[in-house]
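One chain, chain A, links the two complexes that follow: it is found with chain B in the first and with chain C in the second.
For the complex of A and B:
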């Protein structure tokens, strides 16, 4: 064994080399943290500014955009009650929660079932169906607006929440299937067979065995769909023109445009905060699942 | 507990020309431990999966006891299976994994718990009942997979290479545990492996498969002493049997410079050549005469040593020969040694060079 030539470092050279490596690592550590800090500031500062501005009057905002608010509690109360009551944001928030909540539940249920079936049960035409759904991803929603308008009008669902829910489900469905398909495909076949031998039917295998195993993927696509649908603007503007049924994004746009030059900016920022908070809450709840989705591939 | 019968059972995969399992006939007795062994692609796993109901039976029948299960779904067959990769449910605890089948069957919770705990005791899994499979070692996961099968007390255990993901030492240990557990529970077991050592050490009987065809079904002892054909002879035993094609002469077979006597009857059935099978332990060094072997490698195992060498025999040059020698008198590399068969030919196996079938008994 001693005949094998190896590059043995001279004694004393080791610590020096190690020190060099440490310095290199330290450099990477520092520069990466600088980038991360800068990035965090870019993301966090506008949010903080929005929150602060929601505690100022319009006059305060214009006279000193970056000063601290004078009367935090009082102005905050005024702005939020003005946004909530006068601009009907409370109503719009409820509409949004109903529409996005039901649409999300429907699209996750239908999408996961569809992806599971396509991924695990080959049948004639299954590939064609899969590619058709993939094609749905590439279809620009702008082109569908006018036909969608007439379809909803003909079935009598135009300007109604159920109509918007249906549209959202169809809108989010292709991506959901596209995203979940590889998750179900990657699950080991033996686990399905083990469930079969244990006496589980197809439905129980799906709900109690396969679905929990695909949870990271489901959480990821659920949060993605939630954000997309929560912030959806184009579809409701075109298909939901009844002011009573407005969703938050419409309400905010209406708020900013209807008052002309007399916009109550303090209340507008309060409205933005109301819009953002539910998203933050959902994200915090799902955050752990999302982290799971990143490491799921390493678990055997 | 029940018998298992493969009756002309055949499986042809869609689009394939050749059957993966071709007219398989095996009768497995109640409580028997049967090992299906063969190289990869031999159809052993397919045969097991046919019994499990995971693979369609295209022709023939499969019976468990007197019940024809050929067209029953897996859950109606009352069989439990241990998979090669264990197939544990990753999101369930060990206890839930083991009790899942009982839960589906509607067994009361308290009874599930007691049966799970009982199985866990047998398998030393009690401290781990509330853990997820992720937090277990390979050997522990393997035992959970076993436990999942035991808890159900099925009529038949099916095991598909359950030891192949364990390290060598644990494999040997678990091998004994599974065999003794099976004897204790007395449940009919069909065990698939590609490892002939597992087959020999665990099975009451061993079935050797090749290309979907059953080559031989016998006890390990009989399989070793009386291989039915060249394939079984080469497959069972480690290191493998030496198979030499040699000329038939008056009074026996010509092995190098000597004529080794064999019975006349078997030789009458073949032409002027015959395949002689000699196990490594049946060769012994001779001072001169016999098969000259040039030593390539010597594997020393302590008590014994295996000599791997080359010889020119029966017109074939550089034919590899393995022989077992005394571990304390090991030849050097490059040395030429003469080997002769031990005894009077009673440990010699003769095979037809055309068909590969065994000649004589």
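For the complex of A and C:
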């Protein structure tokens, strides 16, 4: 992992195109655009259709995929309030924010601490610990799920938010260390030693000197961990079956499992919109940074 | 090992002698997370292996060691074997289709522009990257829900569009149940997973391609290499490691596939055509309470996952990849 500066693409900054592009060039240019536009449509259409359908009553949804809604504002209100209140998505959203927020903060703190120490202060056995952490990255969660259920049950944390938070932290931990370790390794040791000579203790050196220098890596891991935990499905479904403590993904799965005639499809689409839009907006705002972090992650 | 009273010894990296304060720092920074990690990840992994050798039903106190009986049982269970086969199909097709599609799109975005002069990206390409990445921000369960609605025989938009095909072609799609026919349930499900990941890997490949020195492209061009040739002889070898990583991640994901299948066809699809091991495991454990048997399924799933990763590494090396890193 070297600090290769990643060029952010600048779409507008292309030099003047020469007019001598022959016809084959133009053909490739056009077909590239056509393929890319086609894929973009395949991505966007389902999302637009979901928003469109969230303005329809269940009856209108049943009468066909393109039936126009007749009372957009009223139906939107009904559908969203049904999803938010009757399907409890409001509460599940709050649960999700609590669980993911706390777990993310914890795993970033623990993971960066551990990665830093393993990278900078090797001790007998540190290599073994590092490989043990890598191993956790390799095995599927499904292997652990049954014993995990009983571990949490035995310590009384099954079906509780703290139990879910700790599990999230534990399973996001190996990826965090795996990703941050090379960042801390690449930091010059001299800087840490200089800080020590200036009288900074290990904690201060870590928090005030080294941590800020690893910021690009930390930002990237935080984003991936956020998405991973926000999307987490198996852990809550298996370990958090108390409906009061449901997270958003479980609330949405309820729609799927109760598939049948009593499903309020308008509310289902509204629920999808509620789940998708906040993260999508955050993504659009931060997409430049995110793509930068992705590059930081690949160029090792 | 900690030797007190050597304050004059310069603190060396990797030194064996640590000051007490440094020792405390190391103990806390590594020890604290490791307690959690060992307790909630490693310990359950090890327990699962042991459970898989017992007839444990969970709540009863009897947990008898029965050797490999659970494994014999699941390997002669048609449903589980079908799920295993489905997982293998997924592990072959999902990474292949996703990687090829995202590589092609990434190539178009980065080197699709003019071939005269320096390598430059396609005009307006950032919008494609931003849009393609959308699905990655959507929880998998919601992706499954959206597509279950899209595929709906009568109220879904897929048939809504296809029935308008000209020359009577559209009639075939009248109320066609994409997820309800054995022939189409699996391909339709695979498409959903691919849809969710192409954008992410496209962005990843774009980042990797941008890291390739421009001189390589210039050199290839001077040597008269066409676009296709450049793609296979310059771009692909240069981002080989990224492709390998993508392949492994996608394979691991396809061997799980729980969320997608649970959302699209909660009960395994027509004739179990989309049932995967993880679904079978979940049912065996949490609906039927056969924890020993479910753990054996988990071990098989883990073994297949490791085998897959080893296979990808092996093939990459055979094809001339670097073995380091």
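To be clear about the criterion, the second predicted complex is superposed on the first by the 235 of 300 C-alpha atoms of A that agree within 3 Å, B and C clash if a C-alpha of one lies under 4 Å from a C-alpha of the other, contacts with A are read in each partner's own complex, and residues count from 1 in each chain.
The rule is simple: a residue touches a chain if its C-beta (ideal position, glycine included) is under 8 Å from a C-beta of that chain, and two chains touch if they have at least 3 such contacts.
As the structure is a computational prediction, the values presented were derived from the model and not from experiment.
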**Request:** Identify the partner contact of A:46: answer first if only chain B is touched, second if only chain C is, both if each is, neither if none is.
**Result:** second
**Message:** Per the contact definition in the header, classify A:199: touching chain B only (first), chain C only (second), both, or neither.
**Reply:** first
**Item:** Partner chain in contact with A:191 - chain B first, chain C second, else both or neither
**Value:** first
**Message:** Can you tell me whether chain B or chain C touches more residues on chain A?
**Reply:** C
**Asked** Should A:154 be classified as contacting the first partner (chain B), the second (chain C), both, or neither?
**Response** neither
**Asked** Which positions of chain A sit in both the chain B and the chain C interface?
**Response** 193, 196, 201, 299
**Prompt:** Once bound in the complex, which stretches of chain B touch chain A?
**Reply:** 52-54, 73-75, 79-81, 83-85, 87-91, 100-101, 104-105, 134, 148, 152
**Message:** Touching residues of chain C toward chain A in the complex: what are they?
**Reply:** 1, 11, 13-14, 16, 18, 21-22, 25-26, 28-30, 32-34, 36-37, 39-45, 47-48, 51, 58, 101, 104-105, 108-109, 112-117, 120-142, 144-150, 154-157, 159-160, 195, 198-199, 203-204, 207-208, 210-211, 227, 242, 252, 255-256, 258-259, 262-263, 266, 277-278, 281-282, 285-286, 291, 294-295, 298-299, 301-302, 305-306, 309, 325
**Prompt:** What residues of chain A sit close enough to touch chain C in their complex?
**Reply:** 4, 6-7, 9, 11, 14-15, 17-18, 20-21, 25, 28-29, 32-33, 35-37, 39-40, 42-47, 49-50, 53, 61-66, 110-111, 113-114, 116-118, 120-124, 126, 129, 132-133, 135-136, 138-151, 166-167, 169-171, 173-174, 189, 193, 196, 201-203, 206, 227, 230-231, 233-234, 237-238, 248-249, 252-253, 255-257, 259, 265, 268-269, 272, 275-276, 279-280, 283-284, 287, 291, 294-295, 297-300
**Item:** Contact set on chain A toward chain B in their complex
**Value:** 188, 190-191, 193-201, 204, 209, 212-213, 215, 299
